[in-house]
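In what comes next, subunit A is part of two complexes: it sits with subunit B in the first one and with subunit C in the second one.
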Partner chain A sequence: MIAVLLLLAVGGMVAGMLVGRAAPRLWLGLTLAGIAAGLAAAVSVLAGGTEWEWHSAILIGGEPLHLRLDGISAFFLVLLGTVGGAGAVYAHEYWAERLHPRSARVARGWWSALVLTLALVLVSANGLHFLIAWELFTLSAYFLVTLDRRQPAARAAGWLYLGASHVAVLALFAFFALLAARTGSWDLGPMREHKELAPLFWLALFGFGLKAGLFPLHIWLPDAHANAPSHVSAMMSGVAIKMGIYGLVRFSGWLPMPTGAGWVVAALGVASAVLGVAFALGQHDLKRLLAYHSVENVGIILIGLGFALVAVEQGDTMWGRLALAGGILHVWNHGLFKALLFFGAGSVLHATGSREMSRLGGLWRPMPWTATLFGLGAVAISGLPPLNGFVSEWLVYLGLFDATQSHSEAAWAAIPAAILLGVTGAMALACFVKVCGVVFLGAPRSAEAARAHECGGMMRGPMLLLGAACVAIGLAPVLFWPVLARVTSAWRPGWADATAPAPLLMLGGVHLALAAAAGLAGWLLWARVKQRGLARALTWDCGYVAPTARMQYTAGSFAGTITAWFAWILHPIVQEQRAEAVLPAGASHRSHTPETVLERVIEPMGTVVMAVSGAVRRRQHGRVQSYLFYLLIGVAVLAGVVLAGGEI
Partner chain B sequence: MNNYLNLLIGLAMGLNLIALGSSRLPSLIRAVSAQGIVLGLMPLLLEHHPDWRVLVVVVATVAGKGFVIPWLLRRAMRAATIERELNPLVGFVPSLLLGAGGTIAAVAFARLLPLLPEHAGSLLVPGALASVLTGFILLIGRVKAISQVCGYLILENGIYLFGLLLIRSTPLLVEAGVLLDLTVGVFVIGIIVDRIQRAFDSLDTRKLTVLRE
Partner chain C sequence: MTPFLEGLLRLAWWLVLAPLLPGLINKVKAWVAGRRGPPVLQLYYDLARLWQKQVVMSTLASPGFLIGPAVAWVALAGAVCLVPLGPVGAMLSFHGDALLMLYLLALARFFTAWAALETGSAFEGMGAAREVSYAILAEAAMVAAMLSLSVQTGSVSLVTMLAPSAGPGAALLAAGLFTVLLAENCRVPFDDPNTHLELTMIHEVMVLDHSGPPLAVILHGAAMKLLLFSVLLTEAVLPMGELSPPAATGVLLAGVLGVTIGVGLVESLLARFAFRRVPLLLTTGVLFCLFALLVAWKGGRA
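On to the complex of A and B.
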């Protein structure tokens, strides 16, 4: 049954790749049909509870094909199917033939390829095939990121993404090769009893962490997410970086863990969460800002996973289960609301042609659907009740709070982690108040923003679907507990608890009540407005005689206070000419938050490497005489070492 | 016995210096050929009961190093119509000084090495080191291909001298094999020299740098 569904899914995607160039409608139909088949397979595994495993005699690269769809794979496959399908529909209008005659054809084929290879990563249970699928997924994503390749920024972003991905894949090559060398087979599966495999986890953490956008390995992420077309950004942020999380969850479940791994993962998670949102606050580019929130949310996921690993080490199932469930559920939640937000940002970009928040403003009026749905996503990502973001963060909080009562080292670490998680949520809220305020409220800051128009049904539909999913998880979290239990039992057999924890039940009730109250309040307000009508009045204009749209809060000024707290790591670049004297000649202010890790760490390191390589390269000039001289010096040095009593 | 051997090695060390100091290619080739003959005779002194195999090796070494290879080099020289090394990278006087310094250093250095008692009094190790150094100086300091071949030959002579330390444990056949390689190598270089000369009108190896990739 599952095999047939998966075969149908693969057939749909391959057929989609073939017809994608010529027939957009047929492509959309095939892609959606394939995704539906894949989703059905994943849901039946999650609901039915039986793992699907297939050993085949077919050799690929000398290794027999081994596929496996268990709870963890199915969980990620559901996210992939949802965002992949929504993105395909969205792209039909957003990246249409009419607007992008050249790249729209290519985009369809690569989209199918990306979804297919991501699914392959999820189901392959052979190290070699995992690597092949991983590499193909990286390449498909590269071609999608650089779809708009006439823009130099898109090309540069693609290049950075490809370079960073290859560093990651290098670590993964080492990881899988060492794993195969020590176990004697490329076949993957639970091997928790091989204690000698534990140190390999560090390689996996680097490789998968780089792909997941973990701080400080996130350097490629802001550029790639910001410069890719918005449906691709949604896929990258919603699903592609989750593959790094998948790898970490998968192999932390299958392999024995080195001591302290949980602490490291949790610490990296906290750093990613706090610094990711700090960087996001400093951004003026709408999509770049959303990209930094991916770093933040990956951090939240890893706080959950990290504390679950700590619990494994201490044998404390009670709170570890909650932390893990929170982290895992946040994978879905972030995938859903981040895709929704990127679709919303794409809709704004589509309507105004600008990602620069200081050129937008007042879009609520011309784009009510986009504004409402973006607002919904913003509430969800800020972790506010009654939406899904709060549910997963609540589970992580529950895990941390229960850990404080466990009378172990975890108790001490859980308190600061919970506080920092709270700080992260507050800053995310500030950040999205800034975004929604600057982009959708106020008056249009530019002519493009004034001419904005609402997006069409094909773009609105996917946003509605994702928004509805966010609301569903928010209002009925208990329904999703069995899914989390399934993933937990695939991660550590015996950890799962089929009955949902009582606080989750209560949370669902509170959320429903809150939603009902909010609906009622909204309805009352609306009725009042209808009854009495609206009276328009001027806001207080600070005494200016002729206020203009430019006299509004900008993105930079709104977040100024908080970015100043983090100036030690953000290093914002500010150029300003203050208005001085009685009749000032002119004044200007310009600020920009660079990618500090890339510009202050990676680039100087790269410069040093290039200088050293260049110097070595100059030594290779083709003169035999000098080469012999190097040889003589080398021999003399070796002789010196030997005489000095050294070992060679 | 040891005295005769040391005399021959001293002679070879002197020939090193002559090779370093001579700017004319014919005298350089002559020094190399003389050194080859001197070294070729040594197994006779080292082997207490020379049998016919030692004799064959001696004859082959003397013929190869003393006559065949120098003849090939002279032929290449005539084909290329060059007589002198005009612009060496390391001048003749500096290379002579370097060679002399190297020889003294080699003698001093050999005292530091943990040698077998029967080799302690002989000049075999200092001679070998001095020859290897001389070979390197020639290879590094000279630009004409023929001078470099000579440097290579002297380097090989140094290795041959080291090999003589092991004459009891290593069959001379190994040395014969090395000699054969060398002869073939010189053949090849002779042919290449001829081709380079025809293609570039010069034997200056510095001009070969475009071939580095």
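On to the complex of A and C.
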């Protein structure tokens, strides 16, 4: 049954790749049909069906094909199917032939290829095939990121992404090769009893962490997400970086863990969460800002996973289960609301041609659908009740609070983690109030923003679907508990509670009541205002009679206080000319928050490497005499060593 | 009595009593300054008057300008449902409700700030920016305070957390929570609810363009938030669970009155701080809560 569905899914994707160039509608139909088949297979596993495993005699690269669809794979496959399908529909209008005649054709083919290779990563249970699928997915994503190749920024972002991804691939090569060398087989599966494999986890953490966008390995992420077409950004942020999380969840479940792994993962998670949102606050580019929020949310996921690992180490599983459930659920949640937000950003870009927040404003009037759905996504990503973001953050919090009460070593880590998670939540709220306010509210700051138009049905539909999913998880979290239990039992057999914790049921009830009450209160207030009369007037600006849109608060000033607190790491670049003297000639202010880790750490390191390489290259110039001289020196040194009595 | 009716009665207690607090604070301030001051029930009159008024809305504002205050009010009303009222307990209580309360306050903040940005006014943008920025430190303090109560009592449910006194760290926790109360409710020395100079305000400047029923909803919500923090502070510090029900009720009322008078006295005796010193004061609040947490940690089960 599952085999048939997966075969159908592969068939749909491959057929989609083949017809993608010529027939957009047929491509969309085939892709969606393939995704539907894949989703059906994943859902049947998650809904309690048996795990699917297939050993085949077919050799690829000398290794027999081995596929496996268990709870963890199926969980990520559902996210892939949802965002992949929604993105395909969205792209049909957003990256249409009419708008992008050069790249629309290849975009469709690469989209199918990306979905297919991501699914292969999720189901392959052989180290070699995992690596092949991983590399293919990296390449498909590269071609999608650089679709708009005429833009130098897109080319540079693609180059950085490709370079960084291959550093990750290098680490993963080492990881899988060492694993195969020590176990004698490329086959993957539970191997917790092989204690000697534990140190390999650090390689996996580097490789998968780089892909997940963990701070400080996130350097490639903001550029790639900001410069890719928006449906690709949604896929990258919603699904592709989750492959790093998949790898970490998968191999922390299968391999023995080195001591201290949980602490390191949790600490990296906290750093990613706080610093990700701090960098996001400093951004003026809408999509770059959203990209930094991926770093933040990956951090929240890793706090959950890290504390689950600490719980494993301490043999105490009660609070570990809650933290793990929260982290795992946040994978879905972030995938859903971040894809929604990137679609919203794409819709804004489509309508105005600008990602620069200081050129937008007042878009709620021409784009009510986009504004409302983006607002919904903003509430969800800020982790506010009654939406899904709060459910997963609340589970992580519960894990941390319960860990504190255990009065064990874990409590020492849980206290700062809980406080910093609170700080992260408050900062995310500040950031999304800023984004919504500057982009959608107030008056348009440029002619393009004033001329904006709403997106069409093919772009609105996927946003509605993702928004509905966010609301569904928020209002009925208990329904999704069996899924989490399934993933947990695949991670550590015997850990899962089949019945949802009672507080989760209560939380769902409160969320429902809250949503109903908010709707009712909004309607009542609206009715009251209608009854008493509503007059429109200019915004009150201290009696100033000619307000202009440029007098509005900007994104930079809104976040100014917070970015000043984080100036020690953000290093914002400010150029300003103040209005001084009695008759000031003019004033200007320009601020920019660079990618500090890239510009202050990686680039100087690159410069050093290049300088050393340049110096070494001067020694190799093709003159035979010099080479003979090098040989002579070598022989002399060896002779010296032997004469001195050393052994070679 | 059916649970539903009982719940409604409790909610009514919060809704009806809340506007009393700002009146009391004003009375205390007037008394210190030697004035007669406005009547204690002034806010009730104001709310009734505003509810009757017409609304003037900025030409730039979307319907969110009206929906925002409504959602914020519902979030605050939801938060007060989770806070126990001394001997009668809370309307709703479950493992982890303390965190839900914190995030409901955050939801109210989101929608108040959203509604402020609707008008495109630089003043309101300034107020919203200050509100959400200072809330970061206030949130850290609140999470630390909740952790300290949680460590003290071994629970994450407000009813259990607030029943005993905060133990040896009570004075520290009281200082921390009082600082957060002043900041979150926009009182002196963080904000001045009386000033008419927009550049020095946080909360008032966010609601500059609101009028009529939406303004009434905002003012009532703010009063409810003040009552919520006063009740939280009183119950966190005093051993409510160990008293007989009548005594606990009396202590709760006296505690809330004490906090109110305290706010009034602070407002009479202190000037508003310069904005650059506000984060320092709030950080002090965070530190108070952290030390309370440390004391609870060491004193709890050592």
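By our rule, the second predicted complex is superposed on the first by the 620 of 648 C-alpha atoms of A that agree within 3 Å, B and C clash if a C-alpha of one lies under 4 Å from a C-alpha of the other, contacts with A are read in each partner's own complex, and residues count from 1 in each chain.
Please note the rule applied: contacts are C-beta pairs under 8 Å (C-beta built on N, C-alpha and C of every residue); 3 or more make two chains touch, one makes a residue touch a chain.
Just so it is clear, the structure is predicted and the values come from calculations on it, not from any experiment.
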{"item": "First (subunit B), second (subunit C), both or neither touched by A:Phe75", "value": "neither"}
{"item": "Contacts of A:Leu643 with subunit B and subunit C, given as first, second, both or neither", "value": "first"}
{"item": "Between subunit B and subunit C, more extensive residue contact with subunit A", "value": "C"}
{"item": "Partner chain in contact with A:Ala535 - subunit B first, subunit C second, else both or neither", "value": "second"}
{"item": "Touching partner for A:Leu632 - first (subunit B), second (subunit C), both, neither", "value": "first"}
{"item": "Which of subunit B and subunit C A:Trp134 touches, first, second, both or neither", "value": "neither"}
{"item": "Touched partner set for A:Phe279, first subunit B, second subunit C, both or neither", "value": "neither"}
{"item": "Residue ranges of subunit C in contact with subunit A within the complex", "value": "51-64, 66-67, 69-71, 73-75, 77-78, 92, 94-97, 99-100, 102-104, 106-107, 109-110, 113-114, 117-126, 128-130, 132-133, 135-136, 138-140, 142-144, 146-147, 150-151, 154, 156, 198, 208-209, 212-214, 217, 279, 293, 297, 301"}
{"item": "List of subunit A residues in touch with subunit C within their complex", "value": "361-362, 364-365, 368, 371, 375, 379, 382-385, 390, 394, 397-398, 401-402, 404-405, 407, 411, 415, 418-423, 425-427, 429-430, 432-434, 436-438, 441-443, 501-503, 506-507, 510, 513-514, 517-518, 521-522, 524-526, 528-529, 532-542, 547, 549, 551-553, 557-562, 565"}
{"item": "Footprint of subunit A on subunit B - complex, ascending", "value": "89, 112, 136, 139-143, 148, 205-206, 208-212"}
{"item": "Subunit B contact footprint on subunit A (complex, rising order)", "value": "620-626, 628-629, 632, 643"}
